[in-house]
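Next come two complexes built around chain A: one with chain B, the other with chain C.
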Partner chain A sequence: MTAISLGQRRRLPAWGAILGALLVLELGYFSVTNRNFFGGGTGMLTQIELFIPTGILAMGLALVILTGNIDLSAGAIASLSSVVVGTQLESGTVIGAIVVALVVSTVIGLVNGLIVAHLGIDSLLVTLATQFIASSLAVSLAGDNPPQDFASLFLTLGRGTVAGVPVALLIFAVVAAVVALLVGRSRFGRRLVLIGHNAEAARYSGIRVARTTVGVFTVSGLIAGIAGIVLAAYFNAGRSDSGMALLLPAITCVVLGGVDIFGGKGRVGEVVVAVLLLGFLTQGLLNSGFSSLATTMVTGLLLIVALVVKIAFEVRSDPSVLASTADRLRRRFAPRRPAADHG
Partner chain B sequence: MSHHLNRAGVLAVAMAALGLAAAGCSSGSAASTTTSSSASGASAASASSTADSPACDASATGGGVKIASGKPITVAIVPKLLGLPVFEANVKGAKQVASSLNVTVDYTASVKASGADQAQVIQGLVNSNNPPDVIAYSANDPTSIVPALQAAKAKGIKVIGFDSDVTASARSYFIQDTSYEAMGKALIDAVVAKNGKTGSVAILSSTKDATVQNAWIDAMKSYMSSTYPDLKLAGIAYGQSNQATSQSQATNLINSHPDLKALIPIDGAAVPGALAAVKSQGLVGKLSVFGIGDPNPNRQYFADGSLTGLFLWDEVKQGQLIAYVARGAADGTMPAAVGTFVAGDIGTCTVGNSPAANTIIFSKPLEFTKENYLKYDF
Partner chain C sequence: MMLTVPTGKGGTTYEAHSIDKAFSVPVLRRVDVVFHPGEIHTLVGENGAGKSTLLKIMSGVYAPDGGRRILDGEELGHLTPAEARRRGIYLVPQEPRLMPDLSVAENLYLGALPRGRFGLTVDWRRARDTTSGLLETVGLSVDPRMLAGRLPLAHQQLLECARALAQGCRVIFFDEPTSPLTAHEADTLFALMRDLRDRGLTLGFISHRFDEVEDLSDRITVLRDGSVVGRHERGTVSRPALIEEMVGRALTLTRRTQRDTSPGEVVLSVEELVSPPEVNGMSIDVRAGEIVGLAGLVGSGRTELAETVFGLRQPTAGRVTVMGRDVTTAGPDRCIADGLVYLAEDRGRNGIFADVDLGTNATSAVIGRLPGRVGLLDTQEEARMAQRMLVRMNVKAATMTQPIASLSGGNQQKVLFARWVLAHPRVAIFDEPTRGVDVGAKEGIYQIIEDLAGEGLATLVISSELEELVRLCDRVYAVYEGRIVGQLRGDAITVDSVGELAVGAA
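Moving on, here comes the complex of A and B:
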């Protein structure tokens, strides 16, 4: 068993630097080649408006993935939240609608956490199930005529600007800052990383694994709810299919941001850089006349190259990338179920 | 050892399921695009109060503005997604008349049938160094691309829609495939011609909130109750724009209504789904199927006789109309509603305000039969 030291989280400071350098390069390139990209500085910020809900979702997913779990329901929760806030806006106040949507999202996150932590079912399966439940709820709630055309005060959350900075981007910044503080500066954050690193060891060292796990999923639900509200405000409509499309890009951001998909390693700041990197890359390539096909292909290539480079960095002492990956898989799968072998 | 395998297996199954769920939207609405799928005019629902304008008519001698060539322009056609035969047919049609109109056609779209992806593509066109003069969209859903279209408008790009609309305020003109009433009437008339004025029928639609499909359902319902009161609607099921789901939903309809005379699948995935159900229940020849869809995916069913009738419109000609309307919109020569214009061989078309503002109804429903389906390639 590997020795546990939280210092390991800081093993690869270069990763954030690499991502940051790529981001600067990318922004520079697009600003020079595309005359509509820079827009006096703030104009550039609106380029990633469409990507912001994905980025918000990625913050919650980063927490979950750090614990070695996964939350496949996050996208569906965002959809549900957008529909709930939409239907509530038809009858109630803006604040009331937002509160109801966030409560619903948080409760689903809580349920995810309770089932994963207390029934010991793999988060992949639990959240796959709640994903279906949340989408079905969203579809039935949206009905024949999904809610749309909201009050302008609410729309500010999606498309308004403060001094040229999109409000949605500010929301993303606040969520990212809170999550970063949570992971980097709180005991809750240290616990969740330790659980991701080695749940057994965390348990033996007196960490209440279940409670922390429940907390992480609950926060992920809440953040997915926020993403759904921004979605509804940006598109001026609550749609039952709007959030699902965010899930895989959000997971991509988390992984590109250097978070170990098996948990225990990663930094929120780097995920934020990855979100900006991917968001600007997608829109920048499209602006430059690349087709959507080329754009998705570049995203895929970037992800693979990034992961290979990262693993190569981490295992310089190991004989090969393949061997170390196999070893990581073994460690991921082996310790979870120590007993009975039912062949 | 087996733990590893189990777990890996579970992971694989779960990811596959996730993939399916995700594809549910994309491949699903891909298949349904032929019939405007889950999208289209938000205002379509409130349509039926006023009569629709007449469809484009080559034999009409009305006249009105004749759309003619002018200075070179670029038209970006942005359908729901890339690579779908019906949209390829649209683009083919637009290119047929492009040179005579001095139009350059730029065909681009997202890989998935996703509203958000489509919005990014449109935003990319708006921000590019050489933005097009006109953007012609077919929207994945009524709302997702509205902000991007507004950005285009703000830049002076003319915005027109075809097949699937958004809120009318976000675009200048919309080319509606066919009149909802006419389509509903055509389907029910076909059922009555085959099975008589009595009995029960069932409808297989895409999703509950698919605006165009709902408009067709409403049209069928009101035409049935006004003209054929003894024809009963036994039920409506939703195949979620997915062929497998459509098949199981159709099987449910068939089994829960043993006296069913006809099944009416009204989206691109529902047609093959319904036909597969009819075949597997051994009801070919006993239960007729009249649908809305494109002929190419259904060739085998025409050949074996299980598909009794299929309706759509000529996608290639519709593509030609896109080029004409784009030319007119760019030059500002399109008439105000209600007015007419002449679009080459397509004839005289009307800009009307029903079902939504500045709507051009392209065609009467076109019926594909065992005899004529080979003439069309989409």
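Moving on, here comes the complex of A and C:
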């Protein structure tokens, strides 16, 4: 009789452990070299406030990238959301403004998904286009006098604290927890991960690839909308350029967090660690007197080093990884058919 | 005709001496094999016996853990695939690795374009001139400017051979080159292999098809569990003896078990189904407990029929019902829900999620029915459910968490059987159920199919192997150019009768 063990509960993932160790080193370094870094009890947590919208955006992008797609419009959607919430705040209630901004963001995400899934156009191109549309909408909506000076209730979302913990950080935590559950424990998440691994095999397994893809882009739009709201509250203004700057750092977090850019592989928890790592790094360097240019450069270096280390690890444990990467490249750039689910 | 193919005597001898290799488990143990010039040397053995690994080591893809590679008396040290090619050793992989968007001629010289006078420029004229000669040598009559990606698979194989010759290789290894080819295409390749042998080249070959092995081999080496268990010269070994060496026990190959066949009600009914251009009005039915075969040449529309029935392609006319329920326009998700499942032909592309664990692979078709509460999956219970099914399918694996790609072809296929049985089907279509599966595991898969039919599953088997249909089926439909051209029952099902129908001769 065959015996197949169920396998131990997953050990601490190697990549997560490396990221975690780096994070500890980083916090240690900054707290020794820069006396202001901790700045009191809640200081350390507020350090990362500036980076929170990026982290939120990264959660939505992680979902999209796990399916093997990309969402370049996420930053622009965040911009639009922050302008929409600002203009709505001028005339309506806080709740109403937030709802309108989230609906607008979700609809753009939905449109992204519908085009990618049903027309079979590469998501890179689709979201490149919708990025322009969303950001120009944001600019025209903001006009010459961007909405600013919001109600203090709304501003708590950006800079307020609850029991010493920044509200923005709590929002990030909730989004991250929901996304982690979605990927790890939900049917929707299972489908999207399998699509990322092999969309054809998913289709042959009866997974409705188009429907799941639409869902993923819609959720990404919604999460970008949340990021935009936090941005507006942080800056106390609905700036039409605020979201775009988040896109590349957010993608960096996802990739640094070990998510395979071709889809399938990756863990949300590790992306969260990568967000913290990059967030504290950015803030720590700024606090230590480095220019933001230097900070950006260090981010780039970190990304390259991390990827090299990661590939070295994978190749060592499985020499065929290079071949399989070549296969995935081939599959990625093979001509696509629309994934429309009939029936 | 320009001929760069070396002819005559003075060929190359290439020797594997006491090769060891392990990928966490030992794959090769002190393997000695000598490839002689002017011979086709065939490696046989079950999947996982180490044949491919050996050829990959010999061609520089992997480094051996121990042992030596000796080319014409000279020991090769560290070897990369590029160095191996420079030394005249070429591996034709299972799936051709050509650049689909480059021309045939460009592919031919990829990475080895003839250099101009100072070695700085490419001598395009010489490349062009030699191309047509080489293509002629391998029996490939295509325009050298054609894009390689547009060639049929068989021609891509031939182009791979031409590439080996273009680079002046004298040792050519073929890793199961025929598994994706039709019989006719394979014959073309064999003719070329014989021709190369007669020119004094040194050929190594892996195959699972005994006809080919017996036909082509000048020398056969049998591997089992990473060790050499037999060495034979042409005509000195019988097929049963070879099989016994491979699997380590005696095995009867084409035994037709007389099943107690009292088929039940019609479960799958296909009426005049049309999905151009491949499916041109096919009608079939399959009853509960019955194993029905679908015979036909590659390209006859067998797989397209199955894909249309399963909702992967849309029919333009006709009707499909499962237990009387109309599923003509239903997608795969609804077909599965209504009890119709389809084991796809191309396991690597459409079957497995290569990097994903066994359990998740097994449950991918029943995600909507997995255990869980308030929308959260109970992954522990899911793993136990999958584990029970994998054990039932007799999958050999260490843990549920290992990626499916780490299993042999036969075990991967059993995991896919588990996937479809977990969906509680009423009717199953198995498309080439034993492709890329070694002889020992084949029997296990036949057993699974017969057991499932015994439990009342209506079963449709699509196969290119006539013996397989003869072995399994109660009834066989023959498909030719998108139409059903004949039907055979019971004892009338023989290799000859089915073969005749399948080529449209009867």
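Note that in this section the second predicted complex is superposed on the first by the 306 of 343 C-alpha atoms of A that agree within 3 Å, B and C clash if a C-alpha of one lies under 4 Å from a C-alpha of the other, contacts with A are read in each partner's own complex, and residues count from 1 in each chain.
Simple rule for what comes next: a residue touches a chain if its C-beta (ideal position, glycine included) is under 8 Å from a C-beta of that chain, and two chains touch if they have at least 3 such contacts.
Every value quoted in this text rests on a predicted model; they were computed, and no experiment measured them.
Engineer: If you stack the two complexes on chain A, which partner ends up touching A:Leu286: first (chain B), second (chain C), both, or neither?
Structural biologist: The first partner, chain B, only.
Engineer: Given the touch rule stated above, what does A:His197 touch, chain B (first), chain C (second), both, or neither?
Structural biologist: second
Engineer: Does chain B (first) or chain C (second) touch A:Val103, or do both, or does neither?
Structural biologist: neither
Engineer: In the superposed model, which partner reaches more residues of chain A, chain B or chain C?
Structural biologist: B
Engineer: Looking at A:Gln131 after the superposition, I want to know if it touches chain B, chain C, both of them or none. Which is it: first, second, both, neither?
Structural biologist: In the superposition, A:Gln131 contacts chain B only.
Engineer: Using the superposition on chain A described above, determine whether A:Met244 touches chain B (first), chain C (second), both, or neither.
Structural biologist: first
Engineer: Tell me which partner A:Phe235 touches in the superposition: chain B (first), chain C (second), both or neither.
Structural biologist: first
Engineer: Quick check on the output: what are the common chain A residues between the chain B footprint and the chain C footprint?
Structural biologist: 341-343
Engineer: In the complex formed with chain A, which residues of chain B make contact?
Structural biologist: Residue positions touching the partner: 1-4, 7-8, 10-11, 14, 17-18, 21-22, 25, 38, 42, 45, 82, 108-112, 114-117, 119-121, 123-130, 141-144, 146-147, 207-209, 214.
Engineer: Would you tell me which residues of chain A are touching chain B in their complex?
Structural biologist: Touching chain B from chain A are residues 33-37, 47, 49-50, 72, 122, 124-125, 128, 131-132, 135, 139, 142-146, 148, 159, 234-237, 239-242, 244-248, 282-283, 285-289, 291-293, 296, 330, 333-334, 336-337, 341-343.
Engineer: Which of the residues in chain C end up touching chain A in this complex?
Structural biologist: It comes out as residues 23, 62, 311-312, 314, 329-336, 342, 344, 349-358, 360, 364-365, 367-368, 370, 372, 375-377, 379, 383-384, 387, 390-391, 394-402, 405, 419.
Engineer: With touch defined as at the start, can you tell me which chain A residues reach chain C in the complex?
Structural biologist: Contact set of chain A toward chain C: 1-8, 10, 181, 185-187, 190-191, 194, 197-198, 200-208, 264-265, 319, 324, 341-343.
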